[in-house]
Amino acid sequence: MTGGQVVTTRWRLGGMLGAVALLFSACSSGATSAVAPSVALTGAPPASAPAPSQAAAPVTIEWWHISTTDPGKAVFQGIADAYTAAHPNVTIHITILENEAFKTKLTTSIQSGQVPDLFQSWGGGIMAAQADAGALKDITADVASWKDTINPGALSIYAYKGKQYGIPWDMGMIGVWYNKALFTKAGISGPPATWDDFLADVTKLKGAGIVPLAIAGKDMWPSMHLWTYLALRSGGSDALTQMVQSGNWNTDACTAAGDQVLKLNALDPYQPGFKGATYDNEAATVGNAKAAMEVMGQWAPSVEAADSSSKKGIGTDLGWFPFPTISGGKGAATDGVGGGNGIAVGKNASPEAIDFLKFFNSVYNANKINSSNIGMSPVVGTEATVTDVNLQAVLAGRSKATFMQLYLDQATSPAMGTAINEATIALFDGASTSAKACQAITTAAASQ
Amino acid sequence: MRTTALTGGASLTRPTGRRAAGVGRLRLSGIVRYVILVVVAGVILVPIGYAVLGGFKTNGQLVGDPVSILPSPWVFSNYTDVIFGANAAVFWREAGNSLIIAAIAVTATVGLASLAAFVFARIVFRGREAIYTLFTFGLLFPSAVAILPLLILVRQIGLEGNLLGVALPQAAFALPLTIIILRPFFRSIPVELEDAARIDGCGAFGFFWRVLLPLARPALATVSVLAIVSTWNAFLLPLILLNGTDQWTLPLGVMNFSTEYVSDQARILAFTVISIIPAVLFYVVAERQIVGGLTAGSVKG
Amino acid sequence: MSATSARPRVGWRLPPKWVTISLFLLPALAVYLLFVLFPVIQAAHYSLYKWNGLQPLTDFIGLRNYVTALNSSTFITAVSNNLLVIVLSLALQIPFSLSLAVLLNRRFRGRSVFRLIFFLPYVLSEAVTGVVFSLLLQPGALVDSGLKGAGLGGLIQDWLGDPNFVMITMFIIVSWKYFGFHMILLLAGLQGIPAEIEEAALIDGAGRWQAFRYVSLPLLGPTLRVSVFLSMIGALQLFDMVWVMTAGGPLNASNTMAIAMFKAGFKNSQMGYGSALAVILFLFGLVVALAYQRFVLRRDVEGALTVFNG
């Protein structure tokens, strides 16, 4: 296959809790992967190495995930079944939790010392807090032999203070998803490259009677990503990293982002009822072709489809472009905001649990994750099974990224994340000013 | 009660005679009363009717023409999917969980509260009022206040992820109100009956079981109905205490369903409507118990 | 302690009284103490720590969480939202329920049907109510179209999205669900008043309103106070419906104390702070209860006393 597209970016974990800023070196053709890329999904699943305690007593792996719907639910079950079939002494007990319930239950599980062996994680600040609490297992040594099969940048999200606590199975980047048909209808020839173009397109869409942009005021975080991009494009990666690490958000980059939001607000670009909308409402709005754009991560197409009336979304009308640049801004067009999903390892996890993780991130299973569109696997050599044109664009963006800021509400502590979400949604709701938003985040950081 | 309503109706069937007697003002006030009551009833019924009928509509109808009342065409698949189609597995599982939890919780609530109310009502001892007051304080605790320590506790005693681990705390939170309602009922049973029972050789439990409980049946019905309604509808405790969506109850399911099928409003409405049928049926059957017992108990000494 | 059954209502010959009391009382007491009081006391304990729910409880900070709460504009908004619902309930919901109870306190055709309908929302779960009303209140959905159709398009609001209006919306829905409960309470109270009393007043020349105001209403006092008390406690504990509909948004404008507590504890991992909010919420309830007992209950010595301190 085209082995050239091996991701060799160097990601750097930006220091302390709350500063998981990931720096990519330019995408050069550096070291090649240790693993021969294998793409064919038709191949048999790899017979994973016999578990360390094959003949030993039965082992149960407790695994909590949050894929409550298919295809994710079925794919995960399939991976677990395949593993237990090859390892009869292992039982994998899966608990599927709804996202919010998961967070709640995990916290109290950790508090009471009964941590599941494997569980959903987004890395970053929350995982760091779990590690500080002694709830996670340091798997640095266990994964040493196979960690090179995984994109190092994605892997570093699940490392903290030099120790590995989990493994990513999905890594992508946030960008702008747009409806090509609606763009055409509004007389827009192609995706905007600059923020000024973006605003001009918003005006055109508005003029054509089309809602330009869907956001979700109730859930807050979707528009927070938009704001993060504006801060990143205005101030550049160093400024953003500096803000996250120092907790001082009273900066030019922060106020510039707020000013741009207010400029956008002035065009009245959001869907009716956006202030009370959930992310699912937002996805449904775009998926039902009731709005032209949303700023969202790699999961957008599948959620739009699932939430749409037809269950199919807008199909081939859907397109993706990287967030536009701001003229005069310090940020590069290749700087990104991203993140994904992973599995963290609880402190009591058995060797079998870690062996299962390895199996989970085998090329075969990674291809399955890609081809069923439940994520974009960071396993090296599986890029080709990302067949969706738009996801390929996201993948290209991820590969070209010179800097990747993990979602701000996950890079930081939960309370900080809430503060950032609340401060930014107030901007979008037109209930705040740039300076006020920056001050609110700074105040929250100071009380940490 | 039915008889009185009928006689009441009968008196209204001779308005002409009344008018002749110069009671026209009464008749007018009767009309005004009806108008007000019908308007209020409309406000109550419109959302419910919207949900019931909405389940028979297509999403196109719901969104495109929200005000027209009747579906056209009638779509039955939303309801049939929930009852025995694509969503049936989820629905019946959640209904089963709700049923088990409600059964345990209601039995525990009514059983424990009757025993305690008996003591509070009929035995005088030092500290009785203090303990009773302690129970009444329970009215002041929303379960949200205690939810975090409660989860830790439930886990420590090994009941997490067990339906019992939700039912017992629910029963505990329902105890105060139940005891408060039962106590005056138990108190109102004449002392003579107690003396007679003792002469007949009944012990305390014998009196409680053979005399008190049968006599207090209306009150027991009332508190049972209230307990059923509150456990059937409970949201926060199951949300936090249950393990995984497999154990979820209907209220949680309704919320989850509404996010999962965000673009399929008709289906959400169908699921919601079916989920409330048990509570509504129960209410319609037991309405008199709620209405009669609830008030008599909590209001009168 | 032993079997001296001198007083008729006290003491069974065998077994001794304390055995009976224990056997009857202990199960309920144990369940109550274990699942209600103990967790509440634990919450009070946690509230003195800075604690993210993960680490051991080591960072004792005294009352700092309480100071933070009282200086937090978000929490103050939550408190005022609770108080707003209380005030509106007392000013509008209870009088409304009372008026309907009076209307229903007559024999007429269809009375039991109306009673059945008015109480119906009470048996629906708050989750169901929230989900249905969320759909009804979406922009352009039934409520908006209905208002427009009735020529009242000017009244349309962003019901759940406007920070200035969301609590009003919430109050209306809460009233929709609970007014029937209060109406039934008050109706039963009214029915407990012998008709002869009011009739006597009428015969004595009092007008209907006067008869109601000076005869029935005072007699209804105990019931009314129970209704007020339950309404206040309910308003303080408002959670499920708000959580389902707005989760406290937009911009924290519909936060209640319980929502703020839940968010702090479970979303922000500030378990210590969240516990402090829980304790404050409890203290509010306590103040209401004590004030109620002090200023109101004194006046009805035997009546509503049973609800709180029988």
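Remarks
Think of it as A, B and C in the order they're written, each chain with its own count starting at 1.
Criterion: contacts are C-beta pairs under 8 Å (C-beta built on N, C-alpha and C of every residue); 3 or more make two chains touch, one makes a residue touch a chain.
Here the structure is a predicted model, which is why all the values come from computation and not from measurement.
Summarising the inter-chain layout, the chain whose CA centre lies farthest from the centre of chain B is A.
Comparing the chain pairs A-B and A-C, the larger number of C-beta pairs in contact belongs to A-C. In this assembly, the C-alpha centroid of chain B lies 15 Å from the C-alpha centroid of chain C. Between chain A and chain B the centroid-to-centroid distance comes to 43 Å (mean Cα coordinates, whole Å). Mean C-alpha position of chain A lies 42 Å from that of chain C. Looking at chain B, residues 148, 152 sit in touch with two or more other chains. Contacts with at least two other chains are made by residues 104, 108, 111 of chain A. Of all residues in chain C, those that touch two or more other chains are 53, 140, 266, 271. Partner chain C is touched in their complex by these residues of chain A: 103-104, 107-108, 110-111, 126, 129-130, 132-133, 135, 217-218, 220, 272-277, 413-415, 417-418, 422, 425-426, 429, 431, 447. Put simply, chain B touches chain A in their complex at residues 59, 148, 151-152, 155-156, 239-240, 243-246, 256, 259-260, 262-264. By the touch criterion given at the top, residues 7-15, 17-18, 20-21, 23-25, 27-29, 31-32, 34-40, 42-43, 46, 53, 100, 103-104, 106-112, 114-128, 130-136, 140-142, 144-146, 149, 176, 180, 184-185, 187-189, 192, 222-223, 226, 233, 236-237, 239-240, 243-244, 258, 261-262, 265-266, 271, 274-275, 278-279, 281-282, 285-286, 289, 302-310 of chain C touch chain B in their complex.
Listing the residues of chain B that touch chain C in their complex gives 1-2, 4-5, 7-9, 11-13, 30, 33-34, 36-37, 40-41, 43-48, 50-51, 54, 63, 66-67, 108, 112-113, 115-116, 118-120, 122-125, 129, 131-142, 144-150, 152-153, 168-169, 171-173, 175-176, 179-180, 183-184, 191, 194-195, 198, 203-205, 208, 229, 232-236, 250-252, 254-255, 258, 265, 268-269, 272, 275-276, 279-280, 282-284, 287, 290-292, 294-296, 298-301.
Chain contact summary for the complex, chain A toward chain B: residues 68-69, 95-98, 101, 104-105, 108-109, 111-112, 114, 278, 280-281, 283-284, 287-288, 307-309.
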